[in-house]
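Written below as structure tokens is the structure these notes are about.
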């Protein structure tokens, strides 16, 4: 590759013409946005990168920015691998993303309101009833309830990919307890420490304003009659895989990080037990799943939640963020109706593309799926974290038959999508001491409050570290990159 | 004409080992609705713990108690006074067959509005065929009456053969059970036919020799397009009327048990409770 | 501040302080015994017994002890409640649950320390790592002390950690005195020395990292009475019981909201305990040292319980 000759760490970088490469165009020239960065990086040797890489790793490890992996026998503490080559998004591209994810969040919020009130979209036959009625994430308890400020999905994490056509597609919306935002900030800090020089050549938006915006959003949905709300973050505890993030957010917002056992409900008000006695709590950013928040109302054996919390919420004495029951709308089956949902509620064309999807619940589509498993990605509708996904062209004949059987056993549980080719991005590969192309996606973070919204200018670029792997989730061995949204064009 | 009711609910919880803290929620307060008016309610306990009033997830009023001391035993007593309207349900419902009723039952609008009570739950899912068949040439109400009497005819009321987790397959097999079981069965069959049905928990006036176990009773409410929600008591093959005092409803038993609790104690615990219902015709 | 988190911070302070004393006790006793002036003090069994006695809640066994096993148990055996590795784990776990309240710098140091101990090669430790390990542990604790003092706001969070640290320090100093006093009693006469002039007093001072300070203050060879006076009553010695009690008193005043603490409060009890020892004289203590030790351990214990009930109840 001629343009790479002057950059030793790119010597073995093989661009795959079938994939969209984020930094090289089809003629192997470095794209405009990345030119300066590429030149700056060519000043470093492979050994330099090796050293920087190790430094970054040990810094993450020492700071305890780790997550737990549940293996068969033990829990391991792992760092979320951080890559030294940042992802850069130029202003025009970002504008579309920002508008697009905000549009989706708003549409989802309107959709949730409708599902828990009049269900007009269903009555009009736009979204099928059985998608809702067969969803385990629909909470009857939310039926007819008006959440403070009319907001359900205060925090949304939208996952985007860039396909080989160079366009962004939304892969999924996460509106339960999307995580990862703390890594956005850590990645920025880590890259600044490792290669601060490069920041002199680029004007990237800050990402550290997330926490202050989150706090503002939480304050907009305070219960009636509260002047300055007491906000808290509730975590399942130090053994939760996202505990670092919970503690980071609490710390950055300057609010208490509580566990269920720190709270109690009296006369439908929520209090936390402090060293000076009970203190009323008004807004709870909860990082506990619906089923665990209140043992009186949901799983009775849950020790993570607070007995009586749901009643306090329904009486309007405390606000839960995100609202319980949002899971019904980020279901992968609902995802496929997003273009219709956006049109229905906002009367707008979707700004971001949806990946075409086949519903195994529909007989004709099921037939297509069964015949084309080898060309499709099969996903369970209600699994998070990349579990249970089968990628058709990676399966043996026997495995394909196995997958077919599983789908036929419960078609409602599966959807299928064409194998999207996630774009690739240069990623430092430790074993080979050089940069190689690896698949990436992008998780954005959108906040909705009463009369205020915010999209974090940046995001979590997740990278599949194994060659050819398309699954970028941290629990499946993915890493991440600092992501720059530029203020000006390069 | 109206009936005056006095209802007394008592419960006693005992714990093998001292319990250090707890939270109980009682879903036992008669509902205020068109046919019944709660005049007075009073709730006390043997430990004199203050009583909080709250709601459950479906907005039915509840009592809550949170002891701060340790305990091995606690007794609760609730007294309710209420007026129940005596009305002829048969006058309210459409008994005549109409195609429109079936059409409406199957309309998306009706289904969407009653979605929650068309949904299957573990306790209201049939895993096998039942002998009861709906007859599409008679009204929905008549069908449900048939279902009511079919259950009464086919099943024997017997306590201690089932518990709250018993699933329908088992009940269909042994052909025995109590009001909860018959209610779940009724709901499952009616839902399968597309009739929104819900589980009702309440008190039964047993003056007339009905089966009700002197505990909380359970029956079904079904939503019919022309008549609204109508109560059926398959345990006694009755239309729920002036002898049925409603407390709450839900998808199945698990949405409305009279007592829910979170107790920090090791070892076994037991709950005993009784219900007394007495009525007087209003002058 | 949450009561649970306060409890965690308190115990974080205690565990950090505790493990340092245990590490130093191992180090000082082991190496002092190598060239001790009398045969008994040089005896491996004697020193191992002493270590185990101090670390494992004053238990003594008649069985002969295995050196590698004792050292491993006290330092790196994760299955022993009293091991240093266990204390480090607990300290980090407590820090974890208060992670949003303590500084990033402090957390990072605790975390690094944790990984250092966790990854310390066990075989190497058993054969030749004792000195290196214990010195690194005590140095790490010094770093933690610095981070606690220098990177936290001196508010309630700091006060609670310091309460834990100082109550633990007083407790550990008393425990070390107890152990070394027992050693001195056992060893007396084996080299013609008296209890008063036992070699063990020097070891005791070194165990408390107070030998140099003591020499500067008294300018004479340590005796039983001067050693005890210095470690118990000297308010200027940062390791003394009295100094710790003064610190405890100072920090509780940050927490209490009462100007004149009510009589069932922690602040009242702490003030009372301090007053009790403030006007003690060493001759009085020396008359019945064992009773004194039991007494002060009980007092420290009751302070811990009082704090628990007043502040950490959740």
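Should a chain be cited, it is by its letter among A, B and C, assigned in written order, with residues numbered from 1 in that chain.
In this text, contacts are C-beta pairs under 8 Å (C-beta built on N, C-alpha and C of every residue); 3 or more make two chains touch, one makes a residue touch a chain.
Nothing here was measured: the structure is a model prediction, and the numbers come from that model.
Chemist: What shortest step count links chain B and chain C in the network of chain contacts?
Modeler: Minimum number of steps from chain B to chain C: 2.
Chemist: By C-alpha centroid distance to the whole-protein centroid, which chain wins?
Modeler: Per-chain C-alpha centroids ranked by distance to the global centroid put A first.
Chemist: Which chain's C-alpha centroid is most distant from that of chain A?
Modeler: For chain A, the chain whose C-alpha mean is farthest off is C.
Chemist: Whole-Å distance, chain B centre to chain C centre, using C-alpha means?
Modeler: 63
Chemist: On a C-alpha centroid basis, what's the spacing between chain A and chain C, in Å?
Modeler: 47
Chemist: When the C-alpha atoms of chain A and chain B are each averaged to a single point, how far apart are the two points in Å?
Modeler: Taking the average C-alpha coordinate of chain A and of chain B, the gap between them is 43 Å.
Chemist: Tell me, which residues of chain B touch at least two other chains?
Modeler: Within chain B, no residue touches at least two other chains.
Chemist: For the complex, which residues does chain B have touching chain A?
Modeler: Residues in contact with chain A: 23, 25, 52, 54-59, 62, 64, 66, 108-109, 111-113, 115-116, 118-119, 251, 255, 260, 262.
Chemist: Using the touch rule from the top, collect the residues of chain A that touch chain B in their complex.
Modeler: My answer: residues 119, 122-123, 125, 129, 132-133, 140-141, 143, 264, 266-268, 295-297, 300, 307-308, 310-311, 314-315.
Chemist: Tell me, which parts of chain A touch chain C in their complex?
Modeler: Residues 61-64, 237-238, 243-244, 247-248, 250-251, 256-259, 261-262, 272-276 of chain A touch chain C in their complex.
Chemist: Which of the residues in chain C come into contact with chain A in the complex?
Modeler: 1-6, 93, 96-97, 99-101, 104, 107-108, 111-112, 115, 156, 160, 255, 257, 311-314
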